[in-house]
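Going by the order they are written in, the chains are A, B, C, D, E and F; count residues from 1 in each one.
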Amino acid sequence: MFSYKVNDEISIELLQQHDKEELYQLIDSNREYLRKWLLWVDKRKSPDDFTSIIPIWLHNYAENNGFDVGVKYNGKLVGMIGLHYIDWKNRATSIGYFLSEDAQGKGIITKCIEALLPYLFIKLKLNRVEIQVAAGNEKSRAIPARLGFTNECVKRDGQWLYDHYEDLITYSLLASEWEK
Amino acid sequence: MFSYKVNDEISIELLQQHDKEELYQLIDSNREYLRKWLLWVDKRKSPDDFTSIIPIWLHNYAENNGFDVGVKYNGKLVGMIGLHYIDWKNRATSIGYFLSEDAQGKGIITKCIEALLPYLFIKLKLNRVEIQVAAGNEKSRAIPARLGFTNECVKRDGQWLYDHYEDLITYSLLASEWEK
Amino acid sequence: MFSYKVNDEISIELLQQHDKEELYQLIDSNREYLRKWLLWVDKRKSPDDFTSIIPIWLHNYAENNGFDVGVKYNGKLVGMIGLHYIDWKNRATSIGYFLSEDAQGKGIITKCIEALLPYLFIKLKLNRVEIQVAAGNEKSRAIPARLGFTNECVKRDGQWLYDHYEDLITYSLLASEWEK
Amino acid sequence: MFSYKVNDEISIELLQQHDKEELYQLIDSNREYLRKWLLWVDKRKSPDDFTSIIPIWLHNYAENNGFDVGVKYNGKLVGMIGLHYIDWKNRATSIGYFLSEDAQGKGIITKCIEALLPYLFIKLKLNRVEIQVAAGNEKSRAIPARLGFTNECVKRDGQWLYDHYEDLITYSLLASEWEK
Amino acid sequence: MFSYKVNDEISIELLQQHDKEELYQLIDSNREYLRKWLLWVDKRKSPDDFTSIIPIWLHNYAENNGFDVGVKYNGKLVGMIGLHYIDWKNRATSIGYFLSEDAQGKGIITKCIEALLPYLFIKLKLNRVEIQVAAGNEKSRAIPARLGFTNECVKRDGQWLYDHYEDLITYSLLASEWEK
Amino acid sequence: MFSYKVNDEISIELLQQHDKEELYQLIDSNREYLRKWLLWVDKRKSPDDFTSIIPIWLHNYAENNGFDVGVKYNGKLVGMIGLHYIDWKNRATSIGYFLSEDAQGKGIITKCIEALLPYLFIKLKLNRVEIQVAAGNEKSRAIPARLGFTNECVKRDGQWLYDHYEDLITYSLLASEWEK
């Protein structure tokens, strides 16, 4: 119900229990595509697997500790975006996202992040926004690069992926670097 | 950040910690006006009195048990509206609201409720929407009347107000009565 | 063990774990009779279905938020009576009850409520006692009527019952109306 | 409200929030007398010191883990009696009590325990009932002795009392020893 | 990982999740021997039955309320020893233990307790250390006797053991009796 | 009480409530020295400020989610070392530490970490051990460098320190790089 308008085509929206069928369809019809980088995809086998997860996302928001919300393109759920946490002591957060295969190539996530930055830097007064991406995930890495984030770090073996560890690249943008 | 657009002028919006100053200003500058019917007004003596209340509103939303959100008119916080609870067993809810004195007379709350009804009856598949108003609160009573709610009940001595009990009038609208 | 004497034949009594067999027998032998108005009857399929419910009733009592107790007639469990909640802010409560078929016609519940009223109005200093009954439940409606409660309200579609909504009638008695 | 009748003069009764003034008066008017053996007496300095304790007593009862209840003599609160715990694994409990000074000498506690035993041995099916008393507390020791409990144990330095340790005497009665 | 050295051969050690296989092997290979006096042995049917128990032992330690730790002999887990609780009000604790059959006869538990006493009496400033043993468990009773504990009490029918009650003997040692 | 021996002079030890005076002395007598890099130092103004913190450290250990323990040199508390968390999904942890000024220069922390590595890589089967140090903290940075950790990352503005952000350097060691 509650959403944040990115532009005329794109919005991000808090998901509720009655969204779980649509959310499941999104995951299920992109299963092969998404599971490559997202370990949790295999564990979502029915809409009910979201019954206990959706409240967790909203409780995080209630606790001012980030959020996980749906990305809608022309009213259709095409992905999710979120803040994994908000580190209030150090005024930092980390953005994560995924997008369905057929919504790729339209800059949807890039535009979502662009629209989030004023909220993060001005409303929440954060100082540092981070995006961590698996080193081999070229598509995902292009997003922070395009947005002017600095490639700051290779966290070696940072993420377990089925049968091996992936390096994680950290991109970051500081408040002082952000051009409003 | 996350909002629901009612029309070009009006929106309702989940409030967060960084909204507490604006929320306090709204209450404080309407203190005499609001305290007449709202017992909690006297207890809000600084923005920090909302620090522990804002998460409660959001946790309710996370639990699919209603919400309390800000009402914005041309971007300015002018009131609040909410669902006190959602009774899923009987598919019913109860709407509450208040509005600043100078935002009166524009039909703002009426339009908010009108915009909420499709969400309540279609998305949430509720059957019954209730509005309870103190018998003496003429302004507030006009709203459900205008929206075609049925005046269904006088709950005698339903609410304690400083030094006496007020009767509460219940207005209700059933899904079957609602003209989409 | 702990009980409240209504008269020489009738008492109401806090139920404990060791009462669950007797409680189950009461429900099971009145299953058809009780399920007509009580949606939870179908869910009680063995004495153990009360194992987690009995502590809830007692914790409510511990929190000063009402109670659910057994009604005994000549030492035999014949029904239950309770306060669904105590609304301390508005000094109000709501009484609920059921009685086995063969204990009907003796005024047992009427006498229980009569005996509870001094406790509610004097000890707890409540101002308003409410009884909500399904509109079609003639037997149950007769009780508040007989006790001088005012028929105050029809809550349309107030309760879901298997395959339809029932209207709920609210009867109330105020402290000022009660003849001690 | 809920009580257990011992005889025409004596009953034991679950205490509620509205009993805290009477309970405080009992403690306060017997302060010197009671504090000799009860370390917690000094900590009860106003009726409100019972506000958080009364629910604990009732929650214990809800959890089937003993109780602490008032002892009434001709309707007046004169003491308390309780089961400190119920050890369901070993089917054992331990009884504790205190009585105001001017209610002494009437066998009140003795009669209360006598009345509790059928509940403990038959209803709860316990096997062992224990009473622990400070070695120097002659009055208190007389009670289990009079009831045929066996003096079974001296727990050396079992209880800290202001400035020294007291030995504790354990008296016990087994189900097999109890004459119904 | 964290241990307390008793002597060159013996140590006691906080157990962690990765110790559960070794712990299960200890129980499983001594099943007949241990179950005679330990009712919980039958409930441990796989290493995973310790998954939820090991954190309980450590949380007790975190709460300053005793511990349950492994006994190692030349690096091999041969038993467990623990403080069932710490009664800070009365400065008392109770020691429990078990040992594998083939580690018997070496004084392992006796030496562990001997090494624990300075910790209990000096570091924790306890006044009373208790050991409770089933009356029929000769081997176990020999330990407090050898350590100069006083046989202070027979708690009749103190423990349920499969099909009968066992008497429990309490042995105790006071700080004043302990020879450093 | 429970400790892990690093060598004849050095051990690390779980801290308990009775260690809080010694811990406070350590902090208080190194206040100026420690506060430069540790923001929490100013908040510890008496031994009692550790009363609620010590259980948190132990509960973390109970939950298999790292630990914070004292570092002892010849029996004297000279610092602390810990695992901030254990990321079991990715088999990674992060080590933190501080040392009193006059215990510097003896390689104490270096030896502690060296001794922890077999526990982390073999017992816990972790894959990655990380040490994060403020860029300007030369003394602290020397430790992972000396131990062969790889300088992998500069997290820009990673830590708020009184009046400015410090960059954080991440050093890491992988299981495959560790020479046993």
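The rule is short, and it goes like this: contacts are C-beta pairs under 8 Å (C-beta built on N, C-alpha and C of every residue); 3 or more make two chains touch, one makes a residue touch a chain.
All values reported here derive from a predicted model rather than from experimental measurement.
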item: Superposing rotation of subunit B relative to subunit E, computed on C-alpha atoms, to nearest 5°; value: 180
item: Chain located farthest away, centre of subunit A as origin (C-alpha); value: D
item: Chain separated most widely from subunit B, comparing mean CA positions; value: E
item: CA centroid of subunit A to CA centroid of subunit F, Å; value: 32
item: Distance between chain centroids, defined by C-alpha means - subunit C, subunit F (Å); value: 60
item: Subunit D, residues touching no fewer than two other chains; value: none
item: Topology of the chain contact graph, where touching chains are joined (line, ring, star, complete, other); value: ring
item: Traversal of the chain ring from subunit D via subunit E; value: D, E, F, A, B, C
item: In the complex, subunit A residues that touch subunit F; value: 39, 89-92, 127-128, 150, 152-160, 165, 170, 172, 174
item: Subunit E residues within the subunit F interface of the complex; value: 1-5, 13-14, 16-18, 55, 57-59, 61-64, 69, 119, 123-125
